[in-house]
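Could you have a look at this structure, given as structure tokens, before my questions?
Each chain carries a letter (A, B and C) given by its place in the written order, and its residues are counted from 1.
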Amino acid sequence: MSLVHPDRLLPADPATRDVARRLYAAVRDLPIVSPHGHTDPAWYALDEAFPDPAKLFVVPDHYIYRMLYSQGVKLEDLGIPTRDGAAVETDPRTIWRRFAGHYHLFRGTPTRFWLDHTFGTLFDLDVRLSAETADLYYDRIAERLATPAFRPRALFERFKIEAIATTESPLDDLKYHRIVRDSGWTGKVVTAYRPDPVVDPDFEGFADNVKAFGALTGEDTSTWAGYLAAHRTRRAYFRAFGATSTDHGHPTAATADLSKADAEALYAKVISGKHTAAEAELFRAQMLTEMAGMSVEDGMVLQIHPGSFRNYNKPVFERFGRDKGCDIPTATDYVKALKPLLDRYGNERDLTIILFTLDETSYSRELAPLAGHFPALKLGPAWWFFDSPEGMRRFRELTTETAGFYNTVGFNDDTRAYLSIPARHDMARRVDCGYLAELVVKHQIGEDEAFEVAHDLAYRLARQAYKL
Amino acid sequence: MSLVHPDRLLPADPATRDVARRLYAAVRDLPIVSPHGHTDPAWYALDEAFPDPAKLFVVPDHYIYRMLYSQGVKLEDLGIPTRDGAAVETDPRTIWRRFAGHYHLFRGTPTRFWLDHTFGTLFDLDVRLSAETADLYYDRIAERLATPAFRPRALFERFKIEAIATTESPLDDLKYHRIVRDSGWTGKVVTAYRPDPVVDPDFEGFADNVKAFGALTGEDTSTWAGYLAAHRTRRAYFRAFGATSTDHGHPTAATADLSKADAEALYAKVISGKHTAAEAELFRAQMLTEMAGMSVEDGMVLQIHPGSFRNYNKPVFERFGRDKGCDIPTATDYVKALKPLLDRYGNERDLTIILFTLDETSYSRELAPLAGHFPALKLGPAWWFFDSPEGMRRFRELTTETAGFYNTVGFNDDTRAYLSIPARHDMARRVDCGYLAELVVKHQIGEDEAFEVAHDLAYRLARQAYKL
Amino acid sequence: MSLVHPDRLLPADPATRDVARRLYAAVRDLPIVSPHGHTDPAWYALDEAFPDPAKLFVVPDHYIYRMLYSQGVKLEDLGIPTRDGAAVETDPRTIWRRFAGHYHLFRGTPTRFWLDHTFGTLFDLDVRLSAETADLYYDRIAERLATPAFRPRALFERFKIEAIATTESPLDDLKYHRIVRDSGWTGKVVTAYRPDPVVDPDFEGFADNVKAFGALTGEDTSTWAGYLAAHRTRRAYFRAFGATSTDHGHPTAATADLSKADAEALYAKVISGKHTAAEAELFRAQMLTEMAGMSVEDGMVLQIHPGSFRNYNKPVFERFGRDKGCDIPTATDYVKALKPLLDRYGNERDLTIILFTLDETSYSRELAPLAGHFPALKLGPAWWFFDSPEGMRRFRELTTETAGFYNTVGFNDDTRAYLSIPARHDMARRVDCGYLAELVVKHQIGEDEAFEVAHDLAYRLARQAYKL
């Protein structure tokens, strides 16, 4: 058997599958444009070999360890480091075997698709991962990771990545981006401006972050004007390293449009630490509108990724820290939340704001009607828990009829799992071609149009929307 | 190629498509019953030729210009008039070319289906609209619009419209309906009572409207009793012009059942203009219950169309006025909202209240359980943003299992785009036949039953529910 | 024709149907494990013949009479008893004919599937129910019900029920369970602990119930400590009759984790009857957490069935009493609601909490992410209004990609309609096999894996999750 059947994810109906195959064949080998993600710029800068299979695939991947954890596997037994340094499993082969023995848990999940794709295409594995095949896998992967062909830059070229964006805090010195830039290597790796640490008063160390932000930019961040100037300065610095976008991971999509005096007073309060929860929320809200205004000035694309209740599991957070697989989506309002920003900047034809959601109810009720009207708005692809065949399909079914294809921006892989990037783009291409094939077979669009849209969704729209 | 393939929108699976074709063939040519819509009664009264292609298709159609606007086309450049009379594009061919050059934006949207259907069936066009074919289209359409066969009454007969309802304010004199009635023409055109201008305290000119309402009816609308009497008088007047229904477009589905004294006091407040936002909401809520009570008396069907945030885009509203393509749906509760009205009138077996929604999450959670229990409640079809293949399909999938087919009321086109009426009914018939075909092929109902249901959904239920 | 086509509910696509047939053939005849339901233990204890067709099928089935009621049939005319003893229809054949004459209302509903399955497989009927066939049906059913083969225990064996749970109040003496246990009959019938009458301050007679609870257990339920002890005592009593689970039907999923002092004070208030609505809600919330704590101690599975607005129709409630087909789902939050309980017990690997919902928007947004992370959480199957082909399908589509199959617990029939139990399990098996077949045909899982999962979903997971 093969782990990567040529028809996987294509529609079951034979006539529809035939159309989908033709469409997919035309986009399968297009370059990858990855305008939003979380790979480590050090990989591209230093071009070192990846460590062992467990540290590459299991330990950093919250999709994997949250599923194992849900079924009773301890995070310690998977090598997830504790905050207090308490001992955890360190033997990579032991971790790998634990993972392999639970591989059946991933049936029907996108993780299974990504992994099988990676195992099949990069490591030429053709038996399924299981307790029995764990060592075969481990040895094969470990062997290949040691070869030059599996270094980050070689993979970048093998993956046909035309451009990739990482995501950094304004406090980051972009050292690795500098190394890449100065190295002479031609791979296009750009940064993106993610200012949550200096924008969200609830972020750990916010007040100190704001001070550091001042020091770094030479602005007086004890004042509202200086703080805004620091953002402008730092955005320009990021642009010098190729950044074309900013990103904002707020708990809600709230925006505000305060008077200058009110904004100054609010800023004074939040940097003093004496703010209420509502004031923190209002400050984040105001900052989205400020960021949109700066985007009008400097052309950077504004991404809003709202609606995640971060670090929801208190005992896990206390023992293992942030981002350990227990972020949970919440119901998210966009209509009332975005109005202040949209009243101010929504009709700007040269501004691009890309909206994401973890609340699929908003696709047809709020996001498609908003993006189908406001010149400044576009819809980001199905995100996080919905970066999956059914999730992507619902995205198209629920947004296309109102917003069309051209108010969407192609695919984001949004990943830190470097080896899965081709698999993720492949999934999106397959699902979109399947959706388009159904429109063709139901005589809603012509096949010639479907070829054009398939190319747009796989490649052109991401380049265009993100100016890459 | 043809713009109107005989199998469009039918299921892809061959066996299912075969059943769907048979069902559709049986309902394709049924007369059109259009119990709710926004066509202009002057058309039927005066029977004048429609103006040019741009004024017919582009300028009045918010589905079209909202999509073009979202992609950076200025409303001025599409000939949308400004409130202050600032100059806008007036050349219809220029407007038409702009539209044609963006026709690809509509791929996958219902607008594309409606337009292709209209272009193909009424104008015998068989090449796709594009920048290249813009003039061919313009000339063909302009030529035909000048012929007698394209006058409103001729089209009415060509479309096989058995009955159509328009929608008027209580302040409307129904002049055009009178002309139609007195003309001897046999087309059945009725009005519907849409009292928002005298029911919604937030409506522009509400207090003046209420005064005019008194003058018009000879009732003293400075008192609660006189105001209610004015409604009764005006409803009777509308019934004399064929009206069988009322319609209410409130921001929420809130209802109330106040004591007479409380209602009187509230009415005094809202007509004085000294009410709060909550009091305005409470007044609208009370009026839905009052209207239901009058419907028990006079047999008029009550339609509730809630949940649209009207004129959401402030700069567009200020420049172009109401209804310019920027209404946005909001999350809508029905369960708590409707309880006061339902406690009072929900068990009336001779009352018909038709519920619509712009929040699809309510279909299976709230609307189908409510309509599947209360004798007075029925579900209106998928509405506005959901008047589309996927939207109609979700409506059936999410309501049928709990409410069945017979607590729904067939199709409403709800349109002011007269030429699209056959296309809209055709879409509904195709989608419903496809849905029924799947039930047949999965052996959930017999094909004989599917024929009966298809006929009910395409024709009989609309007549029956709206008493037309 | 046959009422029970062998392929019913299987996917239309021929290749997919072939796979689905093979999967279904492998699970069709597996024993039934029914871990949650509302059958009457007296049936198994006394093993008496069921009464006439109307009393068996129509009078107790709210799915049936709510639909008839929605279309204008009076509940009195269906023999539903009034609270004040006012006369209602008593002739079973008349009731049956009324039902039969409206059978078309159930087209496309799960009720139609359950009934046709029951009529076809148990009563060998092969014409459709209608006004014309009403008497044929009535006579055939009445005749069979009089035979020994249609007694509850004989049907239990015919249905291949391996285990079934009923649901009782803590105040129930479990008399019939005792009779079953002492009878020597080998059928496995267990109870489940449903303490709403002594946990919900809004329950009719709550204060008296709590007193009776004390008397029954010999604990002093005037104190918080005594009340908790009474629960522990009664849970143990229920376990002696096979109970492995508790069940909680609260209006919301709210949980709390109060200090002992606060809980004591709150308890004093609610048993005094002087609580506010918010305090009643807080008490229910606290009790879910208390129940979870007791489950950690005694191993009982905790089921949460939230989100129903019970007895919504006031006039129907006043005339006919509780549970008369007018419960309506409401929007339900889980993320914030469950946090107190989850912070306390969510990471317990030996605790099982099974979550249900009537708000399908929570599947992908909240429930799958929660169950896909917390060791203590599992997802119950599609419930009540969603115990249907489309409902079950949406459950899989919306949960599998994030939670996988193994954080779900197989099927619950949740019914009091004994004769429909095989039909309900059959529906679930068919829908799940159809879903799995699509994963196979789209090359997402191997057919060998699909066989294993089909068996798990039809049989193994229910046994395992409920410890039966």
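Following the convention adopted for this analysis, a residue touches a chain if its C-beta (ideal position, glycine included) is under 8 Å from a C-beta of that chain, and two chains touch if they have at least 3 such contacts.
These are the chains along with the protein names UniProt gives them: A, B, C = Uronate isomerase.
These figures come from a predicted structure and were not determined experimentally.
In terms of which chains touch, the assembly is arranged so that all chains touch all other chains. For the touching copies chain B and chain C, the fraction of interface residue numbers used by both falls below half; the interface is of the different-residue type.
Here the CA centre of chain B is 40 Å from the CA centre of chain C.
Counting partner chains per residue, chain B has residues 11, 13, 361 touching two or more of them. Only residues 11, 13, 15-16, 333, 335-336, 339, 342-343, 346-347, 349, 361, 364-366, 368-375, 377, 397-398, 400-407, 438-439, 441-446, 449, 452-453 of chain A touch chain B when the two sit together in their complex. Those residues of chain A that touch chain C in the complex are listed here as 1, 5, 7-14, 66-67, 69-72, 104-110, 112-113, 128, 309, 312-316, 325-331, 358-361, 385-386, 388-391.
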